[in-house]
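Look for subunit A in each of the two complexes below; its partner is subunit B in the first and subunit C in the second.
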Partner chain A sequence: MLEYREVSPDELRKAAAAIHNGGARPLTAMFANDERGLDGGMAIYCLFADGDKAPFIGLKCRIAGEPWEYPSLAPDIPAASWYEREINDLFGIVPAGHPDLRPLVLHENWPRGLYPLRKDFDPRQPVAEAATDYPIPDVEGQGVFEVPVGPIHAGIIEPGHFRFSQAGENIINLEAKLFFTHRGIEKAVEGLPVADAFYRAERICGACTVSHALAFAQAVEGLAGAAVPARAESVRVLAAELERLYNHAGDIGNLCAGVGFAVGISHGARLKERLMRLNERVAGNRFLRGMVVPGGVAMDVTAALTQDIAGVLHELEGDLKGLLEILHENNAFLDRVNTTGILSTRAAVDLGAVGVAARASGVNADWRRDLPYSLYPKLDFKVPVYHSGDVAARLWVRADEAFQAIGLIRQVLYGLPEVGGELRVRLPELPAGASGAGWSESARGGNLHWLMTGKNSTVYRLFVRSASYPNWPAVAVAAPGNIIPDFPLVNKSFELCYACIDR
Partner chain B sequence: MLKMLRKIIYTGTVTESWDAAPVPPRFRGAVTVAQNRCANCGRCAAACPTGAIAITGETLTVDHRACIFCGRCVEVCEQNALQHNGDYQLASLGEELQTRIRRILGRSLAVRHVDAGSCNACDWEMVALSNPVYDLQQYGIDFVASPRHADMLMVTGVVTRNLTQALRMTYEATPAPKLVMAVGSCAASGKTFGASYAIRGGADALVPVDVYVPGCPPRPSALIYGLMLVLDRLKR
Partner chain C sequence: MLYGILYAIVILAMSPLVAGIIKTAKARLQNRRGASPLQPYFDLAKLFRKGSVVSPTTSWIFRAAPYVYFAAAAAAAGMAAAGQFGSVADMLLLIYIYGLGRFFLALASLDAGSAFGGMGGSREMYISVLVEPALLLALLTVAGPAGTTSLAGMAGAAAGAPLAFSYILAAIAFFVVLIAETGRIPVDNPDTHLELTMVHEGMVLEYSGRQLGLIHWASMIKQLTVLALFVVYFIPWGVPGLPAMIGGPVFAVKVLAAALFLALAETSTNKMRLFRLPGFLAVSCLLSLLALVAQ
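Take a look at the complex of A and B:
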């Protein structure tokens, strides 16, 4: 259960800045909730990662009535900027004094003045096609030109629109228009029993399936006051680390695609395929869907599977080492990745960056260690940190983490509690009107699900903060100063999800 | 350089036939119904997150296009009437597929991907088709960078409001005769996330679909099965 300090709209900005303290406690989530039907008013919630006494310090600001407005936090806390634009889009609550209050989630097709996450908005009501604008700032000067790219790209990747302002080959400014795959999932689960909503939460993102399933399940279990069986916790960690491993192995290969290094691409793709097939044997699905369920896990790891996993890891470890040796010793490759796409430590802290991107820029943070959950406090692993903030640093963080993941999988495989134990507890009815959070460190960083319950164990409001959310603005900071042909490489080195943030 | 050559030689050829990947025992493929055991209790239909199960009279049918293969119906069935089997070859042709088009396309196919609002899982499985194990090019099928070079669009995801224009424009930019494949449950049914202000439906809510490939996501061999089906190249 989370605790929130209640503040008035006038006090919010000062209180938030004091907790945030220049980034010492990163702003991890900020969202609105329409509570007019509960105690009247709209509420703004801010969660700051702490980890000292409690995982999060919460602030709740109630706005009693119109005008739906509060003073923007973005001037003090740059990481608040996107959250506030989203709140403005979806709830029509205005962060007064926001330096850049353009639309974010809703595009030109959405009529102004209609706020889909307010409770009085019926999700089934037809919404007419609109033609408003989605302004992208101009960069002016002699010889400056624009290169528009996307949303449909040349390769098989997710949709985003990038507008590069160029002086010759050099990027001066990058504006990213995202949220093309916005499905309105947070609204689509409202009113559903949490047991049904789970399947939608699990499908927010393919590559972060386990992480989202785990975060949602933990939020539910926290509200139910239920303890997950020990063996199920082990299997959860196993699934989460298998997810990290296939992502990292695949992303190392994909990064080679950013420089056209065919040998690296092929080996990376081959290793990933091997892991995807292992996933299918473990969970019946190549993305490990169906393994984590609220209350535990759906399947056990049999003795035969234990042997299977250990065998694959044994071979993969040497195989991946061999691939990394090739990358480490290839000067043509190193030339491209070293000093490319630098994200400074200051920028990473200001934007609240997480995961691989943060750890490659000198930010020593990992939710598995700092905001402990599941079995991680009992397991032995290192958190690799690099300081150069470039493409190479993000690559080497991934490489080190892949081997740490192998180590973690081995620890749970050989430390599994006795076979035959319970795998899943039955969850009691959830208290109505309660709120809590679940979180997990995905291959890209921390994913957080904040859940408020309605009557009969239904979802009143779900807010999902994915790791890619604070990291996307970091891409726009890392790209300028590089040449435009290096952008795919910089982008691949962050390897962020669109589906995760668009949701 | 020597290490690189050594690794290439040591690894050898890893390419396999498209249907060579074994189907593991836990794999959740087609849902089969033992009608004689079914008690008609309706639990499965109520439990299905996407409404893929329909009961008419005493007959229970599963719409595989809408199924997300989550296993919940099998779990709640007290009569053990429902099972997931290992069948992943579930692609089916839309009503409007013209055999004439297949004749024109012959033995090669150029494919453009359109993410219409996917979770990226289907997209990653499409990426896997180009890995050295599946090596899609061995079948004369290629992914191309522009719809203007394409014979077929592979559409992933439910169609979102924000991608409506992009899907329409991509379809229009593809020269006729053209084919559309709806990849995965989202594109094939549009029901994965229920009703939403941001979702229009499946791919066929916007463009005519010629082939549907169920799965959440479909494994790579299920995608190649769908491609072979549309090209009429399956061994009979």
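Take a look at the complex of A and C:
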């Protein structure tokens, strides 16, 4: 269970800056909660990753009544900017002094003044289509052109609108308009039994299925005070690392598509396909859905499957090494990825970037090690860190992590506790009005689920901070200074989820 | 003359097959099965049956450009074919007929006012500025010793010339230009779906249906014509003196070999950074100059 230091709105900014300490404790989540039904106010929560004594340091700021307003943290902590804009959109709580308070999540078709995450908003009521505006700043100057791209793209990818300001081929500024398919999952699960809400949380994103399931399940288990059976913990790590592996293998191949390197594209696609077929044999589906459940796991890994996995890994390890050798020795390829799309360490820290993007920019952070959960403290693995912050660094981080994941899977496979042990514990009724968090390191970085319970083990509020959320602003920072035809490559090197933020 | 017309028709008819063979070869090189080499014929047949969507903001240039581009490609094919049988076809005329087609396509790319078209058009003109002198120099290595810029005269001289070091240099120089002219990796990526990286595909993004079919076909014709010129000038051995009945198949085999080599070259590397292209094409110019000096 998490503890929060309660501060008044006037103290919030100072308290947050002191904890954040220039990025020493990154702002991991910031969200609002409509607690007018509990104690007559709105609350702003901030979670800072710590890992020294407790995983997170929590701040809670209660706003007793109108005006719904608190001082913005964004001037001190740039990472707070998106969170505050989102709270402004969904709750109508204004961060006073925010430098750029444009709409973020809600587009021009959503009526102003209608705040969907407030408790008095009924999601079953149809919302009339509005025609407000969604301002995107212009860059002006001689020879400056705007290039709008998307939200519908030529490839089969999720919707996102990018607006480049370019002079010649050089990108001067990039504005991204995302959240086109925001599903309101956080609203939809309110009032649902936790056991049902779990399946919605698991389906937030396909490529991060296990990670989201694990984060939600651990939040629930933390609130229930339940310990997960040993064998279930092993199977969970196995699933999480299989997910990391197929993501990284596929992303390395995709990166080759960004430079039109056919051999790499085919290699990567083949490796990913083989891993996804393995997933299907393990879980009955290609995305490992339904493996992790609150209280444990739903499926066991049989002896035959163990052999199957070991066999696939053995082949895959050699093939992946082969692919990386091709890339390492190909000067034409290196010329494209080196020094392209640099994210500086300063920017990564300021924006609170996570995962591969952060570790490629010299930020030594991995929740599996820093905020230990599940079996990870007992397993042996390294956290690769690169410092150049370019496309190449993100590629090599992925490559190193893929081999670490193979090592982790082997440790788990050979150390699996006896078959026949319990796989899942029954969870007791959750205490009402309690809040807790679960987290996991996905292939893209840390995913965090914050859960507050209502009566009878229902969800009062769920907040999901996906890894892609703090990393999207980093893409917009890494793009300027590059030429437009290099942007797809830069974007692919971050390889962020749209679905993860459209929760 | 009759043979010239026949050859031109063969180039027009066979160009989709060569494009298909290159695609299939690339697929095989990547361990994929790939589509049949006949796929471009099916694609063209489909496109010619479909209606076109034309943006209301476009002018007559947008509608005329596919025909001009196709006419230029077909005329160049005819010249290259007729050139072997002694006609007025001239290499400078050939280069600038391609220039005409490219000019119209670039204009049309701006016409609809879409950002991708403008980007594609500006990149195409940037590349053409680099390609034109390189192509001219590469052809001069043949025209120099021949003492004429007539395609027929050059073909004759090339066929009669002994294998010399300068020819190998010139052949490499011409092959680099060939890659750029046909819009292949590392200059352009014909298979990409990434709008922001497109050159030729970006220019034609607004086209659909029959107009798109014409443009695709014209690009294939251009590709085969340039490949044929490469074969005529740089691997001419064996054809002259033989009757056309035997010369034809031998010629076809050589064109096929050049096409397969193109597929191999394309698979073995990736697209270059846009602003590295001057260096790449400067290599071609330099090799041509060396070849000229060596002669």
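Note that the second predicted complex is superposed on the first by the 503 of 503 C-alpha atoms of A that agree within 3 Å, B and C clash if a C-alpha of one lies under 4 Å from a C-alpha of the other, contacts with A are read in each partner's own complex, and residues count from 1 in each chain.
Basically, contacts are C-beta pairs under 8 Å (C-beta built on N, C-alpha and C of every residue); 3 or more make two chains touch, one makes a residue touch a chain.
Predicted, not measured: the structure shown is a model, and the values here were computed from it.
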Would subunit B and subunit C fit next to each other on subunit A once aligned, or clash?
fit
Output check: A:Asp486 vs subunit B and subunit C. Expected answer is one of first, second, both, neither. What do you get?
second
Look at A:Leu38 in the shared chain and tell me whether it touches subunit B only, subunit C only, both, or neither; answer first, second, both or neither.
neither
Of the two partner chains, subunit B (first) and subunit C (second), which one does A:Gly258 touch, if any: first, second, both, or neither?
second
Subunit A residues touched by each partner, larger count belonging to subunit B or subunit C:
B
Should A:Gly290 be classified as contacting the first partner (subunit B), the second (subunit C), both, or neither?
first
Quick check for you: in the superposed arrangement, does A:Ala230 touch first (subunit B), second (subunit C), both or neither?
neither
Have a look at where A:Pro151 lands relative to subunit B and subunit C in the superposition and call it first, second, both or neither.
first
With the two complexes superposed on chain A, say which partner A:Ala17 touches: subunit B (first), subunit C (second), both, or neither.
neither
Would you check which partner chain A:Cys205 touches, where first means subunit B only, second means subunit C only, and both and neither mean what they say?
first
So after the superposition, what angle do subunit B and subunit C open up at subunit A's Cα centre, nearest 10 degrees?
60
Which of subunit B and subunit C A:Val425 touches, first, second, both or neither:
neither
After fitting on chain A, the minimum C-alpha spacing between subunit B and subunit C in angstrom comes out at 5
Where on subunit A do subunit B and subunit C both make contact?
154-155, 263, 266, 270, 330
The residues of subunit A that touch subunit B in their complex are 107, 109-110, 116, 121, 123-125, 127, 151-152, 154-159, 179-185, 187-188, 192, 196, 199-200, 203-207, 209, 263, 266-267, 269-270, 272-273, 276-277, 280-287, 289-290, 298-299, 322-323, 325-326, 329-330, 497-499
Complex contact set, residues of subunit B against subunit A
3-4, 7-8, 11, 14, 21, 24, 26-28, 49, 68-72, 75, 84, 113-115, 117-128, 130-134, 143, 145-147, 157-158, 160-166, 170, 192-199, 216-217, 219
Which residues of subunit A touch subunit C once you look at their complex with the stated criterion?
145-149, 153-155, 169, 256-266, 270, 330, 332-333, 335-336, 483-488
Inside the complex, what are the residues of subunit C that reach subunit A?
26, 29-32, 115-116, 118-119, 123, 185-186, 189, 191-197, 266-276
